[in-house]
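Just below is one structure, and these are the notes that go with it.
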Amino acid sequence: MNSHTHEMKAYGDIALFPGTASPELAGKIAKYLNKRLCDRDVILFPNDNLFIKLHESVRGKDVYVIQTTSRPVQQNLMELLISLQTLRLDSAARITAVVPYLCYSRSDKKDQPRVPITSRLVTDMIEVAGADRYMTLDPHAGQVQGFFSIPGDVLTAYHTIVEYIKENLLDNLTDPVVMAVDLGFAKKARNYAEALNTPIAFVEKRRVGNDSKAEALTVIGDIKGRDVIIVDDEVDTGGSISQAIKLAREEGARNVYLAFIHPVFSSNAATRLASLDLTEIITTDTVPIPEASLALFGDRIHICSVAPLLSEVIIRAHEGRSVGELFDE
Amino acid sequence: MNSHTHEMKAYGDIALFPGTASPELAGKIAKYLNKRLCDRDVILFPNDNLFIKLHESVRGKDVYVIQTTSRPVQQNLMELLISLQTLRLDSAARITAVVPYLCYSRSDKKDQPRVPITSRLVTDMIEVAGADRYMTLDPHAGQVQGFFSIPGDVLTAYHTIVEYIKENLLDNLTDPVVMAVDLGFAKKARNYAEALNTPIAFVEKRRVGNDSKAEALTVIGDIKGRDVIIVDDEVDTGGSISQAIKLAREEGARNVYLAFIHPVFSSNAATRLASLDLTEIITTDTVPIPEASLALFGDRIHICSVAPLLSEVIIRAHEGRSVGELFDE
Amino acid sequence: MNSHTHEMKAYGDIALFPGTASPELAGKIAKYLNKRLCDRDVILFPNDNLFIKLHESVRGKDVYVIQTTSRPVQQNLMELLISLQTLRLDSAARITAVVPYLCYSRSDKKDQPRVPITSRLVTDMIEVAGADRYMTLDPHAGQVQGFFSIPGDVLTAYHTIVEYIKENLLDNLTDPVVMAVDLGFAKKARNYAEALNTPIAFVEKRRVGNDSKAEALTVIGDIKGRDVIIVDDEVDTGGSISQAIKLAREEGARNVYLAFIHPVFSSNAATRLASLDLTEIITTDTVPIPEASLALFGDRIHICSVAPLLSEVIIRAHEGRSVGELFDE
Amino acid sequence: MNSHTHEMKAYGDIALFPGTASPELAGKIAKYLNKRLCDRDVILFPNDNLFIKLHESVRGKDVYVIQTTSRPVQQNLMELLISLQTLRLDSAARITAVVPYLCYSRSDKKDQPRVPITSRLVTDMIEVAGADRYMTLDPHAGQVQGFFSIPGDVLTAYHTIVEYIKENLLDNLTDPVVMAVDLGFAKKARNYAEALNTPIAFVEKRRVGNDSKAEALTVIGDIKGRDVIIVDDEVDTGGSISQAIKLAREEGARNVYLAFIHPVFSSNAATRLASLDLTEIITTDTVPIPEASLALFGDRIHICSVAPLLSEVIIRAHEGRSVGELFDE
Amino acid sequence: MNSHTHEMKAYGDIALFPGTASPELAGKIAKYLNKRLCDRDVILFPNDNLFIKLHESVRGKDVYVIQTTSRPVQQNLMELLISLQTLRLDSAARITAVVPYLCYSRSDKKDQPRVPITSRLVTDMIEVAGADRYMTLDPHAGQVQGFFSIPGDVLTAYHTIVEYIKENLLDNLTDPVVMAVDLGFAKKARNYAEALNTPIAFVEKRRVGNDSKAEALTVIGDIKGRDVIIVDDEVDTGGSISQAIKLAREEGARNVYLAFIHPVFSSNAATRLASLDLTEIITTDTVPIPEASLALFGDRIHICSVAPLLSEVIIRAHEGRSVGELFDE
Amino acid sequence: MNSHTHEMKAYGDIALFPGTASPELAGKIAKYLNKRLCDRDVILFPNDNLFIKLHESVRGKDVYVIQTTSRPVQQNLMELLISLQTLRLDSAARITAVVPYLCYSRSDKKDQPRVPITSRLVTDMIEVAGADRYMTLDPHAGQVQGFFSIPGDVLTAYHTIVEYIKENLLDNLTDPVVMAVDLGFAKKARNYAEALNTPIAFVEKRRVGNDSKAEALTVIGDIKGRDVIIVDDEVDTGGSISQAIKLAREEGARNVYLAFIHPVFSSNAATRLASLDLTEIITTDTVPIPEASLALFGDRIHICSVAPLLSEVIIRAHEGRSVGELFDE
């Protein structure tokens, strides 16, 4: 008894639908996959209404919407949702929301009464708009996978960054130590330390007295005379990072490196970071960094593109091949 | 056999939750109902993330979120949705989204292939965020009621505007005629004409030749020497209105009045309208008009507040009394 | 990197399941597609229970249920629903409800308090019974697309009718004018007028005095001495049409033609229409017209079949090709 | 610690909404509960479209729709569904579908391939239309409770019928025996026999040879010289009953009585039953029997009304009191 | 017009995922289908938490989870559910729960107030965990099909058992009679009797006096001097069977045979059955019988494997071929 | 305008439904609230089927099911689910699942490919069974709130334990330090340290070489000569705790205390813990500790009951009062 359906698929060819929030990343994915991007209009009317029109039918296609949800967050998110609905109404066979940086993923629990869990709202919205699957990278907590009712791929750029550090930096460092700027990142920092074979240190913040605003910072672990690699998942305003670097200096650190996944860079974060005594910044392109900001760093910044990773996962998802084996898992 | 449950309710007292998009309207409703507005924080963080925190519990309450969804559309909509989720997670007994102007209601059908029905997406989002009911005024088409799976009240400011015209303008007009600027508004214009006991006229637009951009305008019906009351449901950029007024002048109209529900006023609409030869503009406060724009009109604009109408419907919804009887229906 | 899944489908071959309400249309579609119709029993038991039994398995098939929902409306609708469930329980891979005339589509909004939106109920029922997709023609309002949560194709026979008029009638008409019998149809009538390059006219109805039953009719626009093409979406009892024709005659119209999509023909509509001074009636086969009724019109009626249109859309939906390109869109 | 919410309800007063299928039963329930019936229009338009309009608001009410689903089945069912939606859209607080005879309840499993489970379709439709709860009597199989996702009360008129027989007939019977006309009713027949303290007998049907149409009937159990009480859940066309009575006579039965819940009476069932040698028929008013049919039986029929039972359950459901205690359970 | 999609499928190859409850059956199916079983870990941690890990990706596969839900019921059920979710999250294209014995299927209606319908709860859980389809054999009542919202195949081992009896036993029996131990099984027993061309008998149980515990048993029908084939759907504790056999002996039965589908064998059922005067037991492997229990019966038990039946249905479901034709239906 | 509905509720009185997993805790809650527990049967039949029967109706009640989900996990969970369904089918007005220890909450993300997120499955099951709300304490990660679609109260016994330590232990400790046994608990440990005004230390585990089984443990932070308070959220087998205590001793700790929320105590955890050099263990009654285990600890264990906390939240939830104010939030 032999089935003759081997390797067949429930949908037609891949269609790559580029959102307007991360056009460069979409372009890199298209190039990697040797596909062209779908033609479409994305228009913001004077009344602030977004409008989308496909230039070609996606009926029966296996569509990947590539749209990150960095600033302007609400507009990028709404564009993602309208895209999903438009593609669903045009009878796409399967729609995957590829969202390199998933907005609101830090609003993932009620750590005080009477506040939202906006991350769950966002996953609900993505589903109601019509996504069949999703892909994202390094959400604040892995539990966001459990917010989705649809299956998806939660990926990480951790391996990409570790690989870069191992191949380009590690040999030149003196007594390196990995340092987390927040105890909530302690476990992930341990993974970096283990992979780079370094010890580990943490910055502990504690409120001072009854004044909930004043905080005392302490370094737990030994960083004196060492090259410090600060690791984190994102840099938002860069406030904690600045404090941590200053503290590291006070505690006798040698050179300081900074590695993180999502360059959110709110407010004047880029200017602030560029002014700090950092030897090198390693990050990714899950969030596009404006040219002007990039220029501030010169060659002190290295951007590891996630395009190869997303492309490999897209082609595996399309062909029904294992994604786990990408990571030797 | 006698039931002793007369006039009981499934929830506690009314709570009025004011969004940031229409604070004045919320204030008027609170005043009309002699209730105070809920205390809450609505914060837009530097990373463009919205955050909401209630200052008091709404557990078991009958909550009304008052938030219009005019510009900035995406932000006001997202604020509405996060508010709904926050209130739901805080165990409100019933939550009603009161949205005087419901965004994207013109994107209510696929009038060409491969476009969204964003209005349905918006109703889905409002439901998934946690609304039990909704209230809105004069959506582009009444069919939007059928987009919602939850019950709600689709109200109209039509009576309010007709009443104002009858009591304040009509006696002073010479041979008044109601004119629609678009054939899609013909039926509603007829209702105005019938209520005001005037004849009716329409502007017909037609494409010229094969050039889809060029349009020829014609007035169907008799407006010569008459006072013309142009009626519409909203003024967006004001382009069609401007054309219609110019055409009316060419066709020999006497004075021109303009009545519409939603002062969306995109782009430079206010400036454009203010420069036209309009005797009086009648509209409502479903969308707040900036002070600067208002100043352009001087006393040539009259705003009929929808606060009394919304307040009456809220109290009736809360007490389980008929809303229809408000309109002698 | 090259995907080898081009043009694959999520289901097996097409299966055409004919309901009992429109057997001729189903037959024409089968012939056009060169497919046979599924064998099945549809039995109405003495207790008024409908029963359906498939004679062959549809497991894995791409099934199209062809069933219009004209009179007897409730029975035809229930047959459609039971068919959908039967096919779903028999493990069809995809089921499309092809409903040329979608019943209750005029009950699409609450235009007075305390009434249903039966059209939304009908779409909910079609979904809960198991349809994955739907196709229909010319619903009363395009917004019904937003009532469905499933994707579908809302088609129009407008092009078919316009094409017929252009090729067979237009050259012989004297100063033709398109006339709508209701202001709610004004915009669609404009499309006909634009396509046929004619002016346009409307019948306006208005209540007289306080008596809500008495109506005054007026023609807006110029029809005197012209050949009048009355256009509408359906003819139900034919009451408004009769009034409009009589009025047209009074206003000096030359010959009168009547074009509409759905020949619902309730009550004695066929007899009434046949007795009117109409030169030609153009309609479609979305609703089957009984032989006896057809005979009343002799060669004064022309039926444009929608079978080619539906067939082309079915084959495109099955093969994942664009439907929009059928209309040069 | 003491809660002061004792005996409060989640809704306002009871509203009884009468469908058109069982007006007498609705009237009896209203009388029993000392309530008036809601005013409403139920109109069947010439195009076979049903339309419902409430004359008064039910906002916040605890509404009971009383509508049986006997012939015309599709129309009565659709009227029930439209009623439910209308009441939901009018913001009723809780809606209970009271369906004394639930149509299609015999289509409750696939006993052959490629057939529907229409009973599940019906329960899905009732839920999607907006019922919060349901009540019904003696469905073909109790498992239909599991088809509903909403809670409800599946009641039985069994006790009512047993009580009637015990008080009015049993003393006058000679060696009574309960007989089931179908083995599928054997277990329920045993309950009747146990309650009436009689032995039991069954009619067994078996196909003869390879001809699936020919059936041989046998009585299993002793009925010779005894008064036979045939019991069943419904009488449809009366075919099986007629065969069973004829067979009973051949086997030497004395007088024959017939007791069943639902007088469906399809086809010429009433005429057929009236012509049989039956001493008395006991049934209920879950399905209204036309006057003309009733007249055929004279005083040989007794109708046990289910109105008191339904009324008691309605008032208990409304007041949150136990329904089970009605049956000493 | 010719479609080139003939015989394509919506998924990749078959994957057989074996649960731990019925490994032998899974093995037989794999052998029949000439497929290997998926590698996976199923671990029960010391804290009683079940954990599952797939050793290979099932992305895009057509997966069949083979897991019966006999004792330990809760653990086997939970393992099934976790397996379904794991496979869904790993992006299987289609998942079928193959549950030879579906637990709780006797809890399928509320036959008294304030009890659960656990069978519906189980079907809800299977769906929420992620099954797209299901297969099961001989649930207590066929109506359980209506509990599922997903399509599936409810199969029966009835033909398998009848075939075995016809080919191996029937010729050697003396005046055989089929006997049901419960009136609720009367109709199914009739099918056995018809297929084996024997008469039929029933055991009737009736409560004695007011003591609800005491029961009187009677045989209805003639078994004296006959070989009796007792038929049932499952043997749980074996209590009713023991009583029935004892009664049969008292009533003069010759040899007694016992045929049933599910060998649930609770408590000391195996020991009890083995001690009874039974000539042969015929059952299936929907529930695995422990070696020690099997040994008690020696060659007095015959197990008809359902593996060929399930295998044939799996391959037909996978290839989109008719399952009904397996049964000449 | 004044609403007279102040403080009304959508349901009747509180009903406390005790599961069998935590009868003592249920008893304490009943006592605190001065309510009696509902009478019900919970039966485990020989075939391993659970059965529940309420002795009294809960129609219209506000029911709280108190059932923890410790070992036997699958049985306790299934009992919870069947209870929820039974109460829903009996028409309870609102049902809250009170689950002090929520099973599988550590399986909350896919930290490797091809594994389940069982915690989300559990929340789905609780919802599908019929819970309207839930309450639980200290799940492994707060994000589990986002797994639920229903609102609920995620509580913590952290304040209770901190309060106990402050009032009973802290004054007698020498240079106390809080220590986390896992970096994943670092942030919560910081909260304990801040509340108790102590420094903090962590145990870091790291894999040794390529052997994934061998782990090296290090203490980060200063514990020499100090009283160490080890904090964690649960003790399962006690393996990590044992290692940590041994390590603490090696590093020169003075006395060691152990505080944690959930005494899961799998395997021989109680025996193992009792044999360790621990001065005092502080835990709660979210999981009942068997008498025999308790006896092992003598007076070295202190159990802070969560009954007062749960009771206060239940009464607030019932009366629609703020729960947050319990914690001065």
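Letters A, B, C, D, E and F name the chains as they come in the text, with residue numbers starting at 1 for each one.
Here is the rule we go by: a residue touches a chain if its C-beta (ideal position, glycine included) is under 8 Å from a C-beta of that chain, and two chains touch if they have at least 3 such contacts.
These figures come from a predicted structure and were not determined experimentally.
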| item | value |
| --- | --- |
| Same or different residue numbers at the chain D/chain E copy interface, by half rule | same |
| Rotation angle (°) superposing Cα atoms of chain B on chain C, nearest 5 | 180 |
| Greatest separation from chain D - chain, by CA centre | A |
| Where chain B and chain D are represented by their mean Cα positions, the distance between them in whole Å | 50 |
| For chain A paired with chain D, centre-to-centre distance based on mean C-alpha positions, whole Å | 61 |
| Sequence positions of chain D contacting 2 or more other chains | 7-10, 56-57, 89-90, 110, 112-114, 117, 120, 145, 319, 322-324 |
| Interchain contacts (touch definition) - all pairs | A-B, A-C, A-E, A-F, B-C, B-D, B-F, C-D, C-E, D-E, D-F, E-F |
| Touching residues (chain side chain A, partner chain B) in the complex | 45-58, 71-75, 77-78, 81-82, 85-86, 89-90, 103-104, 106-107, 110, 112-118, 120-121, 124-125, 128-129, 236-237, 264, 266-267 |
| Chain A residues touching chain F - in the complex, by the definition given at the top | 108-114, 117, 119-120, 141-147, 154, 182-184, 186-187, 189-190, 193-194, 200-202, 204, 206-207, 220-221, 322-324, 327, 329 |
| Contact footprint of chain C on chain E as seen in their complex | 1-10, 133, 145, 151, 316-317, 319-325 |
| Touching residues on chain E, where the partner in the complex is chain A | 7-14, 32-34, 56-57, 59-62, 88-91, 93, 311, 315, 318-319 |
